[in-house]
Amino acid sequence: MGNQSNNVDAKNLVIAYLGGGSLGWANVLVTDLAMEEQLSGTVRLYDIDYESACLNAKIGNMVTARADSKGKWEYIATKTIGEALTGADFIVASILPGTFKEMHSDVHTPEKYGVYQSVGDTVGPGGLIRSLRTVPMYEEFALNIKKYAPDAWVINYTNPMTVCMRTLYKVFPEIKAFGCCHEVFGLQKSVASMLSDYRGIKNVERDEINVNVLGLNHFTWVDKMSYKDMDLIPLFAEVAEKCNDSGYLGKGEENANSVFRDNNLVKFDLYKRYGLIGAAGDRHLAEFMPPRYLLNKETAESFGFALTTVDWRIGDRKKVVERRMAIVNGKENLSLTMTGEEGTKMIKALLGLGDFVSNVNLPNNMQMDGIPKGTVVETNALFSKDSVRPLYAGGLPDDVQNLTIRHVYNQECIVEAGLTKNRQLAFNAFVNDPQMSKADYEDAKKLFDEMIENTKKYIPGW
Amino acid sequence: MGNQSNNVDAKNLVIAYLGGGSLGWANVLVTDLAMEEQLSGTVRLYDIDYESACLNAKIGNMVTARADSKGKWEYIATKTIGEALTGADFIVASILPGTFKEMHSDVHTPEKYGVYQSVGDTVGPGGLIRSLRTVPMYEEFALNIKKYAPDAWVINYTNPMTVCMRTLYKVFPEIKAFGCCHEVFGLQKSVASMLSDYRGIKNVERDEINVNVLGLNHFTWVDKMSYKDMDLIPLFAEVAEKCNDSGYLGKGEENANSVFRDNNLVKFDLYKRYGLIGAAGDRHLAEFMPPRYLLNKETAESFGFALTTVDWRIGDRKKVVERRMAIVNGKENLSLTMTGEEGTKMIKALLGLGDFVSNVNLPNNMQMDGIPKGTVVETNALFSKDSVRPLYAGGLPDDVQNLTIRHVYNQECIVEAGLTKNRQLAFNAFVNDPQMSKADYEDAKKLFDEMIENTKKYIPGW
Amino acid sequence: MGNQSNNVDAKNLVIAYLGGGSLGWANVLVTDLAMEEQLSGTVRLYDIDYESACLNAKIGNMVTARADSKGKWEYIATKTIGEALTGADFIVASILPGTFKEMHSDVHTPEKYGVYQSVGDTVGPGGLIRSLRTVPMYEEFALNIKKYAPDAWVINYTNPMTVCMRTLYKVFPEIKAFGCCHEVFGLQKSVASMLSDYRGIKNVERDEINVNVLGLNHFTWVDKMSYKDMDLIPLFAEVAEKCNDSGYLGKGEENANSVFRDNNLVKFDLYKRYGLIGAAGDRHLAEFMPPRYLLNKETAESFGFALTTVDWRIGDRKKVVERRMAIVNGKENLSLTMTGEEGTKMIKALLGLGDFVSNVNLPNNMQMDGIPKGTVVETNALFSKDSVRPLYAGGLPDDVQNLTIRHVYNQECIVEAGLTKNRQLAFNAFVNDPQMSKADYEDAKKLFDEMIENTKKYIPGW
Amino acid sequence: MGNQSNNVDAKNLVIAYLGGGSLGWANVLVTDLAMEEQLSGTVRLYDIDYESACLNAKIGNMVTARADSKGKWEYIATKTIGEALTGADFIVASILPGTFKEMHSDVHTPEKYGVYQSVGDTVGPGGLIRSLRTVPMYEEFALNIKKYAPDAWVINYTNPMTVCMRTLYKVFPEIKAFGCCHEVFGLQKSVASMLSDYRGIKNVERDEINVNVLGLNHFTWVDKMSYKDMDLIPLFAEVAEKCNDSGYLGKGEENANSVFRDNNLVKFDLYKRYGLIGAAGDRHLAEFMPPRYLLNKETAESFGFALTTVDWRIGDRKKVVERRMAIVNGKENLSLTMTGEEGTKMIKALLGLGDFVSNVNLPNNMQMDGIPKGTVVETNALFSKDSVRPLYAGGLPDDVQNLTIRHVYNQECIVEAGLTKNRQLAFNAFVNDPQMSKADYEDAKKLFDEMIENTKKYIPGW
């Protein structure tokens, strides 16, 4: 992709941020851009919540004004998506599709029928209904990008990742989009910690853990892993064996918020069953698997992970909002420490300022065997001057392939259903989700109807 | 396939019958061969039950001696498979993998955990365990065919069809084998009956109903159907609508044994859900689908089909055995009326005595979109002089494709597990079967272990 | 293709004929329709030469009025393509792209540089320049069919077949078009004649010779051939050996116009070199091969085929025009004998009035291994009610594949060059044609420029 | 590839060198290993010329004894290939298939018929006959590697690269082999020099020129090229325009031996014709193209490149042999300066001592669109711990694809002909080579027979 000549000036970049009013990712971007001296330019923040974009712009400009900010950026909130996109070199998309009200329905309505979800934003009944909301938004994005900035690179962070990416490419096949997710980083951190605990090798950075990644976003697998000249599969196998009951909490993870804490028990169990290492957090992996880890709250707990409630999210958000106001009002300072996200590094690589390899979501050309061409997969790719080239990752063994392909086609159906407003097709995907096998068929129908009703504001025309 | 010159003398054919002591199919072959005047030669019956093969040989020779027998054949029971195969032009394989004891375990052991099966011979826990028994038998067949009759055409009738065919081709890739099944005929008969009842068009033969078939054996679909210049999809849709509650029994079906009676309610429901017509009997289709039709005995009944018990099969078999003895002893005559099976017609076509199109199981070259190359699919093919050429059948819509591909990979795993004696892989397929989603994971483990124990006589080395 | 319900009334068909003023094919259509009692309706003749279309309409209606005409048709010449296409059930396309003036340039201008062509209408410098003229015409057809009759079946007879078909599908991917060519019939007739001469089997019809066809139009191959239960490859090999020097003229061919006479010497030579049977006339096969058969006029003669001059065509046409006027004026009668073309038979099959298998040009789905998906190939297909389904034909051996794929990509380039008016790309294809390897590169440039100049009237915008 | 755990000790490596008596590459290996402090171990030299291997071992051990040698290696000449291979971690293969006598026939016999070659070792009549000699040697290598060192990484340097690699993988599909060639480096050096001359950017290393490589060895193409954030395609286009007549000699190239000097005129011409940059030396590119650059000696000269005669090679070799003896006898010192080859760097990467991306020859999995799976292509790949993963390189435009695929199938035919001793198939490839289009068919036959006769010592069984 990206064959045309593209000599962008790294000191005069234009970045458009779709979802520029968002709370978390905006801070990440502001921080990482401030710490990168090779880049500067303008960031245009577009959000349906214009006020929130304005607040973020204010924070961004405050940071730029600070002496410790190396990259100098002007932040502007725009009222239209066209203003944000026109002339953009890069587009970042990070939105919340709907509100906590819809998210509440996604996550908790299925509980009535005994269907529990740990996240509810990717697959499972919640993820699929969230997908239906997301498709028309991303259809709109794709059409606007085609119109205003067809040559820009597009970096997506929104979940459900696969559905977002697939919609972008279906609507505008020439788009230069890729999707970033930090879930694999979690595995790398855990293994770096194992290296310290079980091999006495300290201070290994997570990106020194080489992994061959393959699968779908939030349902990725690793079949090869090394640190320098050391094969790490035997280390993982050893820890999986030893910590079979207790789980293993990597460094820092002990103190993590218990909602997100990952003790690897699902990964250990998967490794024993399939001989492959799951490369996302246990909370995500569990949702893709047929019921074993999510039979009910207790099984989740027995595997050491929690079900994130929307009430918790609402509470958490309140704190974030307050903190943002404190920053805007000068009562608190945004701390300029590396966030660990790779967006800035990717932008630099695409400008020709340093190649690197990382995992990324892209339409399958051939990087994964056995997955239909064009559907979105996550594998490693080489980022370099104006190009993101997937590395051949091989294929999954047939048993894991079977678990995976089920979601490939389910997500294909959901995207198609979203684009064509096909209710029967959406239901066919919904009822075929592994989590739904716990519900009776008639219950599934009722649940689907109720969840569609709850989300109707965001799926006009249904 | 079959590129070498192959001028076989239709009057001096050698047919080897693996499973030549079988009760049902042997009669079919004897009858159809007797009624076909263009063919004659020798049939060699090989069976692990040599006595039974001898009885069948006796019947065959009695029929040949009759005046109303047009095709003249000598029937010989052989003690070794080598004797049967050496010099064979055609090989027919129709065996029962194991005994009623193992079949009883296949069908009824899962009921302990609430898993009900209508047939239990293809997929579902019963079908998969039966597959494990079948793989080593078909591995042996393939090796013997490679050794004794590598150029012969091989016609398989044994279930599980897909597993048998896949094993033959994995072990001996140059084999000229195809698999025949009459399940699609049932749909054609039903529709011919609808033509009479709803359109007043009488006496249509089932093979006048043109269908485009695609899918897996016992889980085939029809996306195009016509009679002469009439599109039959609207007719099917109309009957599905009208007989939504009562079901529709085609001509002759009213009187069919209630165990096998098919009132199309599953097909009608599938049509409404997926817009496609299931092309096997409801009993088979139900087993491939995620639980809806087989939640328990009552749901099966509510969809109008029965769960075939092994006790019923034992009783039925007793009658067939008695009837065979009556024929051998001259107390009863084998009636020479067309059986409706197509084996003889296929043999004639392969000899160059008349081309025709029918549905058949073959490794996928390209006849079905979206299914991995080499795995076995059922589509139409043209039978002609020394060749069976698949017709391009297109692909399934994504939702139905998803239901289908799950069994493709599950059966791939089972064949591989059978060939390599890989217990974990076998269990991974087993627990991923749609019927198993009704059982808890721990129960699935127990059930698997018990069923493996029950079938151990036929899976040496496990 | 053609999945929608399509219940067309065979007695009220509407056929649109693009090129309806043409001399040869119009008579074929009139004759074949008149002899087919199951069909009747209206034929709309559209041609840029409206007067000629009117004359054909007149002849058609005269035939309909005759007592011996079984199918009753009304023939109407239309002034616009829209009138012809609106409501059409079938569309026949048979045009001459340009005039004899352009054809003269195609065939004879290359002779200046020592490049001789036997036909000059498919590949070679003449065929490629003719292609450039044809692409914009077929682009126009495709757009009109999309607009006026998107569901109609389209039967193409125009050469270059591959280029016409590819243009139709590139411009309107949902088109239901296929391409018919009688070249393979010539091989079948030759072999039927060999059966009589060398095996004493008389009166075999050409369509009783079963062939597996694969390749490109006019460069097709046969790797399997039989008559009833007899493998015919050994017969062909025997005759190729015996008639190595003299060639073999099939029945009727002795008296054929010497311009078109085919004594099989090219086919015999190809068989010895590649072990495969060329399935088009020697004049066509020779043009696809690297120079051996067409080094100069003498080599052509030594292989027993003639170079068709345009002067001969002009003379021949004059006679046809005169004969048509004699018919219009009632001085001569159109003889109603079967033409041997299959168009009517195909129409009947598509209406559901009789399935059959024949060779046909279609985009490759999978029917030919090793040829890119979407490019046009010629293989057998099953014609039935509203469907043309290719049969899996296998692939060519690597050496023949190499000869073939060169033309696949050359024709892809020419279609693309024609659609995008890309002169360099057109030249890159031109200079890569096997016939052009006899010319120096600088000569090739001059020749290309001259031929483009000669055809400029038909390639506006270049 | 290479999934099993493989913890090799970088300080105790075993390298087997097939062709260990070779003059050039042995020095390269000795030098590069001596300069690399992270590696040490044993090098086993195997050669049919045992004496020569002994001399190389002596030199190697002399170097190891030197103080300035950082990597410490023991060199051993072995009498059998089994001794060399058993226990090897890496295998280097670099042989001359035959002697100067056969090479003389390859290069000069075709001149009798007006066919001139600049190298004659890859394609063209010389390359194809050389291929026939090479196939049985590499078949033997593959069988021995399978037997003695199936898990070792195999680095091939022998030409014809594609044929060597394809033979290895056909005979032993699980082999972990890749092929290295420095031709692309030449383009990178030229462009680094252009950067200096036309942009004033000095001292750019050739591996700082990022290229996307795709094609066949010696017929590679670059469709994307950058230095840091600068797109280099416009620079190349500018120089191609400006130096259209004179050619462009990069730094150092002015003084290069005139036999190998590359002034880029062929690359400039190709760029104008195809819009793509040829990524091998002009001498190699010219041989893959249909005659334009190699019509005769004069055209070659007009494009600024020479035809390397075997006499020149013989003279050159004499000097190399003398120099080696001088080193063995201590009269001259092997200079320890970086050779620019990447073999040592690749070994380090495979051990986990530093990832990097470079171009490499591998079977096509998917890295190149449009090229059959399994045939050997050259693209970039990521070298890391026990893995070489191709990067997705995209595909070639149809016109260049057509030039390329012709050699793909020709080389497939030659490998198959070599393995099966199929003379007709070998000739079919031979006569289809673009260089052969200058010869008459009958001359091609004579030439082929003569060249086969000349090489018969190395193709036993023909």
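Lettered A, B, C and D in written order, each chain numbered from 1.
Rule of thumb we're sticking to: contacts are C-beta pairs under 8 Å (C-beta built on N, C-alpha and C of every residue); 3 or more make two chains touch, one makes a residue touch a chain.
Worth saying up front: this structure is predicted, and the values here are computed from it rather than measured.
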item	value
C-D against A-D, pair bridged by the larger set of C-beta contacts	A-D
Length of the line joining the C-alpha centres of chain A and chain D, rounded to whole Å	43
Junction residues of chain D, two or more chains touched	none
Chain-to-chain touches, reported pairwise for every pair that qualifies	A-B, A-D, B-C, C-D
In the complex, chain B residues that touch chain A	273-274, 290-292, 295, 370, 372, 398-399, 401-403, 405-406, 409-410, 412-413, 416, 424-425, 428-429, 431-432, 434, 437-438, 440-441
Chain B - residues contacting chain C, complex	3, 5-8, 10, 210, 212, 223-224, 226-231, 233-234, 351-353, 355, 357, 365-367, 369, 380, 382, 384-387, 389-393
